[in-house]
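Take a look at the structures below.
Here come two complexes built around chain A, the first alongside chain B, the second alongside chain C.
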Partner chain A sequence: MVEVLDLRTRLRPYRAVLASRVRSQRSYRAGFALDLLSSLLIGLIELAEIWVLFHSVVEIGGLHFTQMLLVFGLAELCYSLADLSVGHCDTLPSYVRAGTLDVFYLRPQPLLLQLITSDISLRRLARVAVGLAALVTGLVLNDIAWNVSAVVLLALAVLSGYAMFAAMFVGAAGMQFFLLDGAEATNAFVYGGRYAATQPASVWGRPIVVVFGFFFPMAFTAFLPAMALLDLPGAEWMPSWLGWCAPLAAVWAWIVALLTWRWGVRHYQGGGG
Partner chain B sequence: MEPIIQMTGLGRDFHVRERLRRRKVVAVDDLTVGVEPGEAVGYIGANGAGKSTTIKMLTGILVPTRGEVRTCGLHPVRERRRLARQVGVVFGQRSQLWWDLPVQESFRILAAVHALTGEAERARTGELVEQLEMADFLTTPVRQLSLGQRMRAEVAAALLHSPRLVILDEPTIGLDVLSKQRLREFLVAERRLHGTTLLLTTHDMGDVERLCDRVLVIDRGRLAYDGDLPGLSRTVGAERVLVVDLSEPVPDLLDVPGTRHLASEGHGLRQRLAFDAEATTAARVLADVSRRAEVRDLAVEEPDIEDVVRRIYAARR
Partner chain C sequence: MRATTRVYWRLLVAGFRRQSRYRLAALGGLVANSTFGLLKVVILFATVRAGGGAVEGYDVGLMSAYVWISQGLLGSVNLSGRSEMAERVKSGDVAVDFLRPVDVQGAAIATEVGRSLFNLLPRGLPAVLIGALVVGMAMPTHPAPYLLGAVSLLLGIVVAGATVYLIAALGFWLVDTRGLQIFYLAVSGFLAGLFVPIPLFPAWLEALAHATPFPAMLQYPVDVITARVDLAASLGLVGAQLAWLLVIGGLGQLLTRAGRRHLEVQGG
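Moving on, here comes the complex of A and B:
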């Protein structure tokens, strides 16, 4: 039997689940408002951290405050969008303990797609707003030669950055099949990665460049595209033209994430690692 | 006809870490069982005997270590998604409903998950709501349901896509007598109406007696019995117990044919007699008792499943 289903029918299960999540989060208005507020505060504190740093120094890694704002805005926007849509993946152990994962096995959709679309955290919209505000401010205050290629670069950067952070969450989920109580270990990568992404890679030592520049390609989410956009030279081992390679870095991140996920699922099923 | 479940030499090991050593635990071993479409099979055994592991292998959640398994003619792991359209599973201990949504909302999502057409969805939901008497709590969020209501909703959720094979893992655990009864009646009707194959694990002999025409007993991962229920009772000699309340104290009834006196309470006002259902009948025992004393009330106790399983285990060791 060949099942020919059109796209609408294929998307129907995911849409139904996500719509119910959105409805349920909006139905507890007071709680939702509080969540939004706390999320907003976290975003603002992260921003304030950078502002405080620049109170005592003029530049960090060759970047001025406005240029840092651009890096921070880009990283924060991409990260919070990924956190909003796939951030719940790194709470996989709770899915395993509650048996939700076994229930996913009983439904005719791919496991990972079910996991990704099983929830959405609308409260993260507040951090998306912080990131967007920082990004727009950075774009306005900096001297950017606006032309078609700059716009394309910016769009590629946002999409790829989002994809890279999403991949990071998926990879973290895959890891947690092995470390059911080890959410802290993967958090180190997730939050460490996010933090690295908001930094100018020009201050990194070489080992960190290898880890967060290339293996977890965090430099590609914000720093490198920002350098290309500002027409600055970049950093050692990381010339700014690499900013155009953000989509490649995103593909790499997804390859690593999907392999990790597959490895984790095999481990869970006991079919050999 | 092709069997709906075919396990051949099926086995599954787990590796348990103890300090630095890894120890191998054999959860299921050398299981060879075929189930024909339309059968109702009770799958019983002590906790940790391997029941859940078997179910997980049947549904593609776990990969077998040894042997082969086919469910609905499909390879459960490789063809999991196709299999999911033909199998419904009720886990007594885990929910497939959305706890913060009204029951009917969960059904709507599951209808989308299984790509039911609007018409099929309405018809099937209507049928299930009526048979499982869920109309009163359709708009109640799942987290506010009583256990009995939740279980009915769980069963409906698993059966919404009209699966050919329904697997129930401890479906009646914790339910009161009435809820159990209602659920059993529903399953019997569902099977009669749609020819659904049932496989259920349970600790409740009543489930097996009222729902199943075949029993599998698993002991330490291996098949210990495969046959019908009377045969099981014959094998283990499980006895029923007749409890009689008499109108006045009577000396212990030690000489009723075909029975064994177990105990007396209240100077003989209530007496408990064990009898083998194969050798005699409750009616005959009652007649014999009535000849000796006036019976005011009576009850027949079924052999409990733990007892049956214990006897089988004892006989094998």
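Moving on, here comes the complex of A and C:
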């Protein structure tokens, strides 16, 4: 009981900051509505990029469009939830240039926790909605044997997928201590990772399986859990039972992300403010 | 006339040289563009194979050329909607630009085009080279597509610059054009044919894309360089690009003149 109270006191500053961000975004209503609309449009266009391909062919990498909806929905939902909560970590160089990061150093709270809780992008809720709608449609249209294990698998997939994308953002932030001007390089695995996650991994060649299948475990966010849920065989080097290992992949992603973050922080010597 | 041309040429060169200072940024962009290129290759090649070796005239060789040239152009064709001009309108710095004896629109676009042209060196050529070496691609063997392609590519860059300028010029009335910019960012890549070539679209969506200036920025130059369409059709595409440039450039000129009278700069 005492511990719970203690934790609540310790989390209070973070809650206060986040609440102020939420209030500030809701106070400019017209601007916020436009932001939501743009965010919705981006999500829909990302779905359209996949749908357009299925206009020319019936299946890609052995998957039909309805099955791809399930993969896309899972990936988009997890990615946009991560983007909503920690996506701003990706713009670390602007925090460095503005001197905001140096202010974080002055406070008696962990740096990473302050960075993560320093902002929240509510406009991304529109993309969360697109991802959720695609996922639900995919779940309804496909022939899934619903039982306890299917529900557990789905819940594990969403939680681990969210954790993996969040780890990508944190890892990118860690690398940006070195890259600064070259920060766009991290887009390769943050946005490239999102793009890879929405693909059927069965079309990948071996180098991409190594990079986006295992090192950045993007196949574990959507493709593998979806294959396990649909009871399909998966891909070469990636049997569908690996879908159950999504939590392990999330742990791996966070180990890499936290090591990269630590490495970056040790390198950082101040913004010269 | 010659003196005027020289001013814009100087501005273009200045933009080119300024961009050449951001070497690390260019390298970062190349890494990201190439990774995306490899991922685009696998999904689009799988689509071509699923279509029995060709979809809508695209075989793997042509698809690869499409992927790598379009990825290479990403650093030069402004699909983000962001521009320095928009910042200057918002901050009021544009008032100083109006005092200079050069056309504000012409100067802004010339500088932007200079920066875009520089990016072809560290981001454009290496991306195409990586694609040619790692994946391989089918390219035309006679000089005509390349010569006409260079013209088309330049026109594509200028059309994009002029369209982004249009957003900035609307800032004379809206002040904050971030909403418009994000809208441009959302639709431009898709309608320009960045992720999926436009001929693969369903007929209605393809018609919709052609009714916007976006294909003139990316799909048309790529079509001309890869000789996906014959010479006569290529000339038609370049003509369409010129027409878009006239319309968008003219509109930008009108907005600039009207905006100049409307401009209010706060503070002093």
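Here is the rule we use: the second predicted complex is superposed on the first by the 263 of 273 C-alpha atoms of A that agree within 3 Å, B and C clash if a C-alpha of one lies under 4 Å from a C-alpha of the other, contacts with A are read in each partner's own complex, and residues count from 1 in each chain.
The working rule: contacts are C-beta pairs under 8 Å (C-beta built on N, C-alpha and C of every residue); 3 or more make two chains touch, one makes a residue touch a chain.
All of these numbers come straight from a predicted model, not from anything done at the bench.
**Student:** Please indicate which partner A:208 is in contact with in the superposed arrangement: first for chain B, second for chain C, both, or neither.
**Tutor:** The answer is second: A:208 touches chain C but not chain B.
**Student:** Pick one for A:98: touches chain B only (first), chain C only (second), both, or neither.
**Tutor:** In the superposed model, A:98 contacts chain B only, not chain C.
**Student:** Please indicate which partner A:15 is in contact with in the superposed arrangement: first for chain B, second for chain C, both, or neither.
**Tutor:** first
**Student:** Contacts for A:269 in the overlay, against chain B (first) and chain C (second): which applies, first, second, both or neither?
**Tutor:** A:269 sits against chain B, while chain C stays out of touch.
**Student:** Which partner reaches more residues of chain A, chain B or chain C?
**Tutor:** Counting contacted residues of chain A, the larger count belongs to C.
**Student:** Examine A:247 and indicate which partner it touches, taking first as chain B and second as chain C; both and neither are also allowed.
**Tutor:** neither
**Student:** Flag every residue of chain B that touches chain A in the complex, lowest number first.
**Tutor:** Residues 12, 14, 56, 59-63, 65, 77, 80-82, 84-85, 87-89, 91, 93-96, 98, 100-101, 105, 108-109, 112-115.
**Student:** Which residues of chain C touch chain A in the complex?
**Tutor:** 22, 24-25, 27-29, 31-32, 34-36, 38-39, 42-47, 50-51, 55-56, 176, 179, 182-183, 185-187, 190, 195-196, 200-202, 205
**Student:** Considering only the defined contacts, which chain A positions touch chain C in the complex?
**Tutor:** Those in contact with chain C are residues 31, 34-35, 38, 41-42, 45, 48-49, 52-53, 55-61, 179-189, 191-192, 195-196, 199-200, 203-205, 208, 212.
**Student:** Given the complex with chain B, which residues does chain A contribute to the contact?
**Tutor:** Where chain A meets chain B, its residues are 5, 9, 12-13, 15-17, 20, 24, 98-100, 102-103, 105-110, 266, 269-272.
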